[in-house]
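Sharing a structure below in structure tokens format, with a few things to ask.
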């Protein structure tokens, strides 16, 4: 048997003992890869022996499969007649109710000038995103309380606005890890962006370039990092976010490639060492099924599929060998230091104790975050509260680290300013950028930055602050009462 | 007159002066027993002179009546022709709207793999349980505020998650009173389970056996304790929960039988010495009546029937001589010690003072609980708050007692971990197991344990804890603000 | 001109210069009385020259008009033919939609045994009361926040329940100002009861007699005090509530009559010196108009009728000369002491400072109350919070006064117990008794007392308290978090 | 080319290079004025070459255009025939759905005597105001949380009401900056009133005159200040509110004109130095469009029109040269002092530090305000909380300044009293007066004052206070719990 392959031949390799896939008219043998797939084997097995292109494309860079498979596992092309068969099938496929809904919603988007704030942007994105993509972007872990608490934390802080200070000239620019930024804001944690727009993370790269905003690019970006780096302006700064794999060679290659591509810092994620049950996401296909009237309820054995198309739960022994759950201060940081000259920032610090430890272990910075409530469990303290605790208990941390950004729950320019007043160098936003590019592509990203700039500058003026260094702890207090909630639609 | 009896003859014994019942085609004289019935006399009198099988079966072990009555009170069998009459009546009985609803709901249960958390399980149970059984399982006392406060208490505690600690191997197993348990969780207070499933508490026994989870079996279990003990695996641990009766011989026999059957500890309930008005439960038949369009309102004298089919209210002098309302530290504990070698745990401690007293009186453990808000009045402090108070005021208590489990309001793996962090050895769950077995029987129980295991292990990893002893008070704080509520459907 | 009078003749006296009324077929000249009417002149002027019986009867004792008018102002009887005319008119009068609604609602009341708690009783009362009577009974001042806060205060206090204490015998009886009471509860502030039931306050007197509960009878009771006193059992205790008029002779007569009728204490109201705008009550006729489709909106001059049929607002100078707004510690208490030997209790103390002052001025007791939010403005501290402040700041007050009852917001037996734990001798209830008698008359009152007794005794047992003196401050704490609300329907 | 002008000729000047307008049949060249328009150029450009009368009239004094333009920019009259054309067009114009709605609502207003409180007044105003006017009056910045928090702050303060104090005579009059006022209340910040009523701010002047209440007149009043001054009674006090322009000559003329017209104090606004995005207001035309079924959604370039008809956002450099964003303590106050002898009050102080600074800089008073949440960003502390902080931290401020009024969120007489108890000399109300005049004109304003007077006097009496100086800090406390909200409809 040799290429080109027929669909019939491929279909004979339909289980874990021999698992072939068709992706963009090429045939691959993924049998050995099954156990190494970051998203777990079960999602691949759903397509065993079949064409997996529609599931593969929106969430992977085009070159992902080549990177992970050896050349011998790339079996060759599909037969031309069978390619035409697949195309005909695709043409004749009846569009789902969800696809029809999305197409309508895209036509009815309001003009950009009616997007006044980040909530407006999210509202549009929620209408135009496919159901599954929305579930993936918006879901938080379990009851999604952390998601809400992250945002509510900002509402407890009020300003002591100062008057009679000259502010007609007002400069919100700053430096993040020594790199210029036009605002104390950067893009963090926005990956898998092709789910929302065909150009994926490139929309962010382009929107940020002209606005001089730094983008942190994720290990699991759906656009190849090389393509993103090539799309960046010469002056544009990119950071690299690392999910450390257990396979040291994989991790090393990722870091060294990033350094070579010109990324300027490594953000090592330390808070997402296991995959949690993002219930909204897991339920997503079932909800859709119910909408489309296809639900057939019956009781069978407990097959325990608490998986979405990206993850799988693991128990006592971490079966998912992609994420390294055994990182440690003593081993992981020296290793990372040994393979790169880039500054190292720990992404996902959640308490004062670990912030202090980080200063002692000599990293260049920490990012206070609970993964946007995306990965960590409920009841993790909101990052703003952790920041406040550091301010109260260990303000020396602010002097010892170059970067102490914060992430999670930021939705207004005043939110950004509150974090800066308490000592953060900058503020990362993730979901808002995914919503912006899903709703309007690159101009959506630009618009988002415009809104943040307008809100930040206006608020700085009203606080009597003409530059970032005027934003000091004296301008802010945490009140004793429970403020009303913005009732942000989550 | 002699057996076999006719229905006509039985019907002549229809009041408190002479009260006969037919149960499973046998005739009993319960005249003397009326005042000793744990559920009070009025519910029996409703069936005086009649067939009481349908009311008796779901809430009693089959052998209950033999245990409580003397042989002479068992009058003998019903006539064969009359047995057939009763069977014909039963066959011709029109099913109630509620029975039809339940049957439909059973068919529409989602498959088990769609049950992601304990709330999902409860949602199914609420749909498939008969109206009265649901009211009985779910009701809390009076306004049910304690029920809600028990659960809300967990939401006030947030974690200080630690990172960079090796957790790929994570072991949630522990010992409870010296007995192995695969999780810091046990089954507590789930009785009368036949209301929800014909196999009753046996579903729990079987589901727990393979998972190595300890079951506490209630005095009022609806399956005979001997049957439960026989169904347990050789390695399986069972505890016995004791409602102490005023009749010392009854209480002594219960304890000694339990010891002989291999139960490993006695949990003496101290917080349920009188029966309170669980209003939702009391109203249950009236609500059903209204649903079925049978309500006839009229004003009559005040007959004060604040009773459900299990209880009756009692006033200045405790007329209900089943529950001993005169237990005391000085008398009750030495008595119990004198009749058994099993460890003694006081179930229902609700304040620091009594926790300290318990250490001084030499019991082996205490169970912090307000009876799941099932029996005690509103405004009893949530058990988690009592635990927190002990941690703050008298941490020495934790060293002096073997077991300090807690019960009430636990619905997530993080809830379990919070209690363990604050010092509890283990956590008891009651209602969730009743919901699980009502919804899916034994596999529902197994599923529930699987969910708890997944949630506990995932959260331990994210907290940087690889074993139970890593869960320390430093990992947790009670926040000063009011967190959002899970809005658990109660 | 001489009696008997014709309707036509009466109708000529239709304004403030000469104002006659027909009441129960007798004719009165109330011209001079207009300015002395406790409810203000405007309500009388609405009936000037007309038959006012239907407005007069539900809210006055039958003898009220004789007491206030001189014999010469009683002009004599109406002509027989005109009496018959009035009766014919009444017979032919079309019943209003509200009267029809009430009659239906009375027929559909649930049987008394379905009334499980005070909320159930209120629910029935809200259905069977005429619209205006309900507005009058239920309204609080302005936004009714005080009404709600009074009740919510109880929810902030939680118990430290004690176990292993003998409580099978449990005695909730106590003494109030030295008089026996079967419960630490008395009837306070329930007047104008004829609006809800033709026998008015007599329902309370009779219901309390057999239950040995003390009734405080209001200055404005709608049943003559002599009739109430006559209906009381020989052993029954009655207290007298005094609204002090500016006319000393009126006030003196009221007190001395009460003493002679056998009342045992004088509760001098000090918190209702002006009439506030109970907006729900003022709006009541307009709301009814709208329901009946009679609303005709038009803009006219501002006639400022913020009056209901009982009150009128007064501004800079208190035009309402019935309530004495110039009482003082130095003058009023010695005066009252000089005219009666009965113990004096100040009803309406709202802060610690005045509680302390009261001990210094030598009264026998104080009643912590903000008039059930009925009369005083919003933002008066809830009585339970005042009690708690006294307990914290000046516990000596509890030793210096015979009676320190509390009133306002009590709806559960646990509420009563919380007040007792904090130091109150007893607890007064007002609205709940009005609702009970409106719903079911005397048996409603008895039922209410039964419910309170059951709830109090049950809760005492569960707290480990066998008698009232066991209810100590150690059993209670005010928690730091915001408990859930009972969502009592207000 | 010379006047009179034809519509056709005017229409040739339709952009920023040459921009003519027709206003009340006169033609103006506003090309040079575009950049000086307080509301920004874009709103003018919408009417370039057209008749702008309908947009101009409701929000400008009739003489505004003459004041801002040089005589040569007033080009002369429109041709008579074209005037008639415009009139015919106006007559034939189809009324909008909103105009029809407003006309109906005006007919259905309730009579004034049914307006019991400020909420009632607002309810009527919300019904009778045109959509855009309501959005302008009611909008707060961004999420409008500050608007709500301003009001909620009052709910946290409770009274310690005192009893047994003579209050039948009760005098609520006071002095504000040395001027008599019948209540501790003045009118603040109510401008652009012609949007709600053709007589605009004159309604306030007339309503306040007879009631002896002081009116602060805004720089942007829609009625000429001279007309307002002429309408005032001889004894009536007026204050002048100053928005300082960057053009010193404009600012100086405004202040000196005001002094000459008899205004008695200058309130220099210091908290509105940039225009924020009042989102409800910006959205208002779009919402109306949607109501009228005219919305056409399409995506175009981002033209960023976050402007309403009064404002425009500005970024890094303040393009809006009307508001001076460079005021300072050292320069601005000496300048103002040099051009006027009137007392100077800083309007918009938002923290203790600036209140203290104000005492040191020698101004006569401060007005604690966050611009009614109208202009400043969210998360500015509620003025009542700032007042409370001054009371706690720096009570000396109260002795050093003549006037320390407060503004924002006041809706009840008790709110006024709370601010006075904490140390404010008086309380300013803005929106409530706009609502009153929009709903009922001058009698609405009188009614509003009557309501406040009734509520203030009643509450003073119930607190035991016979005059303003009896309102001391001892009468008030901030409670520790979260009170219920009035749920004022915002």
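All chains are identified by letter, namely A, B, C and D, in their written order; residue positions are counted from 1 within each chain.
Methods note: a contact is a pair of C-beta atoms (placed from the backbone, for glycine too) under 8 Å apart; a residue touches a chain by one contact, two chains touch by 3 or more.
Predicted model only: the values in this text are computed from it and were never measured.
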item: Rotation in the CA alignment of chain A with chain D, degrees, nearest 5; value: 90
item: Numbering shared by both copies at the chain D-chain C contact, with half separating same from different; value: different
item: Interchain centroid distance [CA atoms averaged], chain A/chain B, Å; value: 45
item: Where chain A and chain C are represented by their mean Cα positions, the distance between them in whole Å; value: 64
item: Contacts with 2+ other chains: residues of chain D; value: 482
item: Chain B-touching residues of chain C, taken from the complex the two chains share; value: 107-114, 116-117, 155, 157-172, 412-414, 418, 440, 443, 446-447, 450, 453-455, 457-459, 461-462, 474, 477, 479, 481-484, 486
item: For the chain D and chain A complex, residues of the former touching the latter; value: 142-143, 145, 148-149, 152, 156, 270-271, 273-274, 276-277, 279, 282-283, 286, 297-306, 313, 315-318, 324-329, 332, 346, 348-354, 357, 370, 376-381, 385, 482
